[in-house]
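By letter and in written order, the chains are A, B, C and D; residue numbering begins at 1 in each of them.
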Amino acid sequence: MSWSKAEQARRAGAELKDGDIVNLGIGLPTEVANYIPEGISVMFHSENGLLGMGPFPTEAELDPQIINAGKQTVTYVDGASMFDSSLSFAMIRGGHVDVAILGGLEVAQNGDLANWMIPGKMVTGMGGAMDLANGAKKTLVLQTHVSKHGESKLMQKLSLPPTALKCVNRVITELGVFDCKGDHFLCIELAPGVTREEATQHTHGDLRFASSVN
Amino acid sequence: MKVYPDAKKALEGLESGMSVMSGGFGLCGNPEACIKALAESDIKDLTVISNNCGNAGKGLASLLQNRQVRKVICSFIGGNPDLAQQYLAGEIEVELNPQGTLAERIRAGGAGLGGFFTPTGVGTPVAEGKESREIDGRTYIFEKPLKADFAMVRAAVGDKFGNLRFYRTSRNFNPIMAMAARVTVAEVDKLVEVGELDPDDIHLPGLFVNRIFQAEHENPIEHRTVREA
Amino acid sequence: MKVYPDAKKALEGLESGMSVMSGGFGLCGNPEACIKALAESDIKDLTVISNNCGNAGKGLASLLQNRQVRKVICSFIGGNPDLAQQYLAGEIEVELNPQGTLAERIRAGGAGLGGFFTPTGVGTPVAEGKESREIDGRTYIFEKPLKADFAMVRAAVGDKFGNLRFYRTSRNFNPIMAMAARVTVAEVDKLVEVGELDPDDIHLPGLFVNRIFQAEHENPIEHRTVREA
Amino acid sequence: MSWSKAEQARRAGAELKDGDIVNLGIGLPTEVANYIPEGISVMFHSENGLLGMGPFPTEAELDPQIINAGKQTVTYVDGASMFDSSLSFAMIRGGHVDVAILGGLEVAQNGDLANWMIPGKMVTGMGGAMDLANGAKKTLVLQTHVSKHGESKLMQKLSLPPTALKCVNRVITELGVFDCKGDHFLCIELAPGVTREEATQHTHGDLRFASSVN
């Protein structure tokens, strides 16, 4: 047993606090918007220049000039604002975004993140990922624990080119929740049915467990 | 005197080998008329500065298809088969910048600064060959300003002095690019008389705009995502 | 949750020895209610960052008269007898910055930059002790970012999320200071509900504002210059 | 004979071209606004955050929140815009202001300008003067040719702390119009009744005369 993508997204949503300014990366992180806990209100920042991103539009609401950083058509909520790219990244770099939830290719136990390129494969560019990973007050990574080839993506040291150093606070995988503690990962929660042994076996870095973890 | 009849006339003086900034994020807020006029010209060897360089054959991708571009300075090249193909074939030079660094370099160019230190890119391939410096306990890398011969920007409303107002997320890189070029050309959905815009409602003051014209815009959608009503 | 009843409550946590940015140019666009609340408090040893530090006994000059200020970082101290007197007597430290450098340092603080190179001040007393560098044939000096514990800013309209809209030349340093402080307190002529401001009409997005309250403003005039009707 | 203050201001106004963005310093330069040649339209920039400054208001128009950099109440013209201080100085530093007309204490023949402090006297601060002198595409100085004590203010080298180096293109004094040419001043015009000898006598720097000058 392990978490589904939806359960991973829901678990990430539980990390958010009322009033947080949140930036969601492309892919699975985008799904977190569907799992904001009851009673919590957050504002979504999209780095193309929108604070207060809402859900996808209905056909009637569709406006080609309201998009998110994934170039999807979106809406905006009450209190939203639009601004230029330099102000948008001033927000990010200046520490005004509370939480960035990003996808990952690899995370190292010291918080280094790789999520923008695989040498030898086609490069897509880093877009806003380096600014976000560096700038957000708290960086969460949502990714799979192991690659398709069965190799761990929670590393002692990165094997891929980094996006940013010592930036990741917490990784949420299908196996559980792992904090980057410098010289080890600390597992603070395991998905139902996942054992300590299983998590350890699939983690390349040093893994310790909080006493609260079964 | 700033008002031009169309894109072709407004781009006079833009020649092969020059650098051109082009506003827009993906296909949103692009200077569509200027791009079309460029694509219909025989201008080539351009250095294009834009967050993306077109997508899925649209936007600036038309210039790529025509082989009018020598170099692209951008932050993201995904979803652009024309660029990918020319890049992998070594036919085009691509300089990737973190998006915030790209924006800040352009702003620095427009603001007359000699460069700045940013924490973005430290320890990554972006930092290679750049000065690294610790300031108040944090590591930064040095980035230089970006300027261009021409900037092509698009706004929702403009007056004849060049004051611009943008609409929603079509704003993106447009205002800062308008600040950073020798000649800034603005195409607007609606051109109005001087005085029609309230001074507090102007997103970009007109002194940054050299030439302006009205144009119709297609506003293509890259990823059409909708929900049930 | 960001809405506070008055200046005194909104400034809770501001203690002696802290740094405070205060918006305004001369007496225009000052956070008058915050300044008054500070003047009525026993907070002292403040470092004040403001383009001016009051004028002719008004604005921040009230804090000077109360001897609540240890250091002033500003660009202009003319027309301020309180400051002149304390400065000449060596009772207060004054750090003069060129106005554009002051603005840019504050913006850099808010934008997370480690500093920048500016041509302003080269060859002048401002350059003393600062790194000088030639970049692309022009000489620049290095300037560091400015941040503060608190920023006190004033806007015309604000909503309960903190989105602000300024009026005329009351804008000045207010938006950038709001970006550069640990705690930003905004006082507004009119507080409205979230959603009342159009996203394109917001001058400063609300994520930069931590606390907001409504206040009446005197809007004193420093030099009343009029012409015949 | 020499030019009055008003004539100096009028002569400075004649330097302006249609469409120019112009910043006027405090004092005599402010008067230039009253001497814009017929058929010429310029936009006045005031560094506190106003492009398109108009004349002083009537009593009915008076608005305490519309001021210039001299903190005088002003009006604005059609096409005006208001903005924050960082954008205002981006305009200045970035070379988007065509002409700055500033007061001067001393100008050197290489274009160095001193206009912000006299050591030993009370310092008022440089305000925007250093940015303007450096950043404007063209810097004109309006000042008296000699001090109250009869000492020349057109110098071989500055004696006062500089505002900016090699920034002044042209100086307009009560005696005439003088360009900063590096190793000399070039007089391109003399006020009516002023002789070459008189100008030379009152100029500390090396002074040459354009052939067109009587």
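Throughout what follows, contacts are C-beta pairs under 8 Å (C-beta built on N, C-alpha and C of every residue); 3 or more make two chains touch, one makes a residue touch a chain.
Just so we're clear, the structure is a prediction, and the values are computed from it rather than from any experiment.
Q: Does B-D or C-D have the larger number of C-beta pairs in contact?
A: Answer to which pair has more contacts is C-D.
Q: Once you find the CA centre of subunit B and the CA centre of subunit C, what distance in Å lies between them?
A: 32
Q: How big is the gap, in whole Å, between where the Cα atoms of subunit A centre and where those of subunit C centre?
A: Centre separation, subunit A to subunit C: 35 Å.
Q: With centres defined as the mean C-alpha position, give me the subunit C-subunit D separation in Å.
A: Computed from C-alpha means, the inter-chain centre distance equals 28 Å.
Q: For subunit A, jot down the residues that touch at least 2 other chains.
A: 50, 76, 82-83, 86, 89, 92-93, 135 - these are the residues of subunit A that touch more than one other chain.
Q: Residues of subunit B that contact two or more other chains, please.
A: 104, 107, 111-113, 118-119, 166-168, 199-200, 203
Q: Please categorise the chain-chain contact pattern as a line, ring, star, complete graph or other.
A: Here the contact pattern is something else, fitting no line, ring, star or complete shape.
Q: Touching pairs of chains, all of them, please.
A: Taking the chains two at a time, the touching pairs are A-B, A-C, B-C, B-D, C-D.
Q: Quick one: which bits of subunit A touch subunit B in the complex? Just the residue numbers, please.
A: Counting only subunit A, the residues touching subunit B are 46-50, 55-60, 62-74, 76, 82-86, 88-89, 92-93, 112, 117, 122-131, 134-135, 161-165.
Q: Per the contact definition, I'd like the list of subunit A residues that touch subunit C in the complex.
A: Touching subunit C: residues 18-19, 21, 43, 45, 50-52, 76, 78-83, 86-87, 89-97, 135 of subunit A.
Q: Can you list the subunit C residues touching subunit B in their complex?
A: For this pair, the touching residues of subunit C are 104, 108, 111-119, 133, 135-136, 138, 140, 144, 165-168, 199-201, 203.
Q: Once bound in the complex, which stretches of subunit C touch subunit A?
A: Per the stated touch rule, the residues are 1, 107, 109-113, 159, 161, 163, 179, 194-195, 197, 199-200, 202, 205-208.
Q: Within the complex, which stretch of subunit B touches subunit A?
A: 25-29, 51, 55, 74-79, 84, 88, 96, 98-104, 106-107, 118-126, 166-176, 203, 219-229
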